[in-house]
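Chain nomenclature is as follows: A, B, C, D, E and F, assigned in order of appearance, with residue numbering initiated at 1 for each chain independently.
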Amino acid sequence: MPVVTVEMWEGRTVEQKRRLVKAITDAMVEHADARPDALHVIIHDVPRESWGLAGVLGPDRTDV
Amino acid sequence: MPVVTVEMWEGRTVEQKRRLVKAITDAMVEHADARPDALHVIIHDVPRESWGLAGVLGPDRTDV
Amino acid sequence: MPVVTVEMWEGRTVEQKRRLVKAITDAMVEHADARPDALHVIIHDVPRESWGLAGVLGPDRTDV
Amino acid sequence: MPVVTVEMWEGRTVEQKRRLVKAITDAMVEHADARPDALHVIIHDVPRESWGLAGVLGPDRTDV
Amino acid sequence: MPVVTVEMWEGRTVEQKRRLVKAITDAMVEHADARPDALHVIIHDVPRESWGLAGVLGPDRTDV
Amino acid sequence: MPVVTVEMWEGRTVEQKRRLVKAITDAMVEHADARPDALHVIIHDVPRESWGLAGVLGPDRTDV
């Protein structure tokens, strides 16, 4: 019954999201006693220019 | 003074959002002793392909 | 089917939360074409010392 | 690198959280091209009295 | 190591976001004992028509 | 007018939170054209046992 929110960079395909939603739901049921009905997984597809890590904005990062 | 965040599928009209914001704000004032000034209602319009329920991604659901 | 998150100061009674959850759910159904099943309202009861408004922490505010 | 937030009822053990964090992280790496370093999983342990489903507050639900 | 989420109206430039991410990260390190590595700042660029303040939807406000 | 949410480990003092709220608000005003009135900074004080990084739960980490 829980609600899971995923913040990640935009760019994943529908097929990737499909498998991700399934896998996270399975993890919740197996490890957290969650019932799958009414269990939401909401993905926020965030542009790189709106995400900073260690003080550096996405487009300026040199490690990705 | 609270902050309310609404995650829902994209597709609502501006008029629907207008009435929703008004109604949620009224509910907060009436039932939660909230002051309306500085009370935010923020709507996240989430694409169907970024939302899973019961392990099934939006576009794959057969009940909607 | 949406998910609504309410951030507010701790201190509301269970009866206030009961009525708030009902009123917000009704608002979602009436104004946003939401189905009530699988519609979550999650309340975060935030201590005053963990909330700032206009740069002033809760316990330091003189207007409340 | 993403950030995953889990809203669920309080009451899970540390061991359950340990396995859940591991499983969600693995799911992100396998299905969403995520790098595990800097990948956060944050759990909000929400009291039943602060969570409503389908307009009904946690303590009033008869199905759980 | 924390995660900071900023909800604001869309319309800021990349340069504004660059400086904002840097300044918030610095504030976390200086005032909250945070380590900068793995410290995320995530910006949600919200359309005005999806944000209400004091019960009034963004496009209807007369003070901005 | 924006809303900033900070997820961090519990344990900061009120004085640390006071200075953090002030510094983040200043950063928003200086770099993001934000008006300080109605600008919220909400801190979620998360227990270590409810936070995983790189698949490892807080109490199991050896780097902190």
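Operating definition for what follows: a residue touches a chain if its C-beta (ideal position, glycine included) is under 8 Å from a C-beta of that chain, and two chains touch if they have at least 3 such contacts.
Quick caveat: nothing in here was measured; it's all calculated off a predicted structure.
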Required minimum of steps from subunit C to subunit F, each step between chains that touch: 1
Co-neighbours of subunit E and subunit D - touch as defined: A, F
Option in A-B, D-E or B-C whose residue-number contact pairs overlap C-F by over half: A-B
Between subunit F and subunit B, distance of the C-alpha-averaged centres to the nearest whole Å: 24
Centre-of-Cα separation between subunit D and subunit B, whole angstrom: 20
Contacts with 2+ other chains: residues of subunit E: 3, 5, 7, 17, 24, 37-38, 40, 42, 44, 53
Category of the chain touch graph - line, ring, star, complete, other: other
Each pair of chains that touches, named by its two labels: A-B, A-C, A-D, A-E, B-C, B-E, B-F, C-D, C-F, D-E, D-F, E-F
For the subunit A and subunit D complex, residues of the former touching the latter: 1-9, 12, 16-17, 19-20, 23-24, 27-28, 30-34, 38, 53, 64
Footprint of subunit F on subunit C - complex, ascending: 7, 44, 46-47, 49-57, 59-60
Subunit C - residues contacting subunit A, complex: 3, 37-38, 40, 42
Interface residues, subunit F side, partner subunit C - complex: 5, 14, 17-18, 21-22, 24-26, 36-45
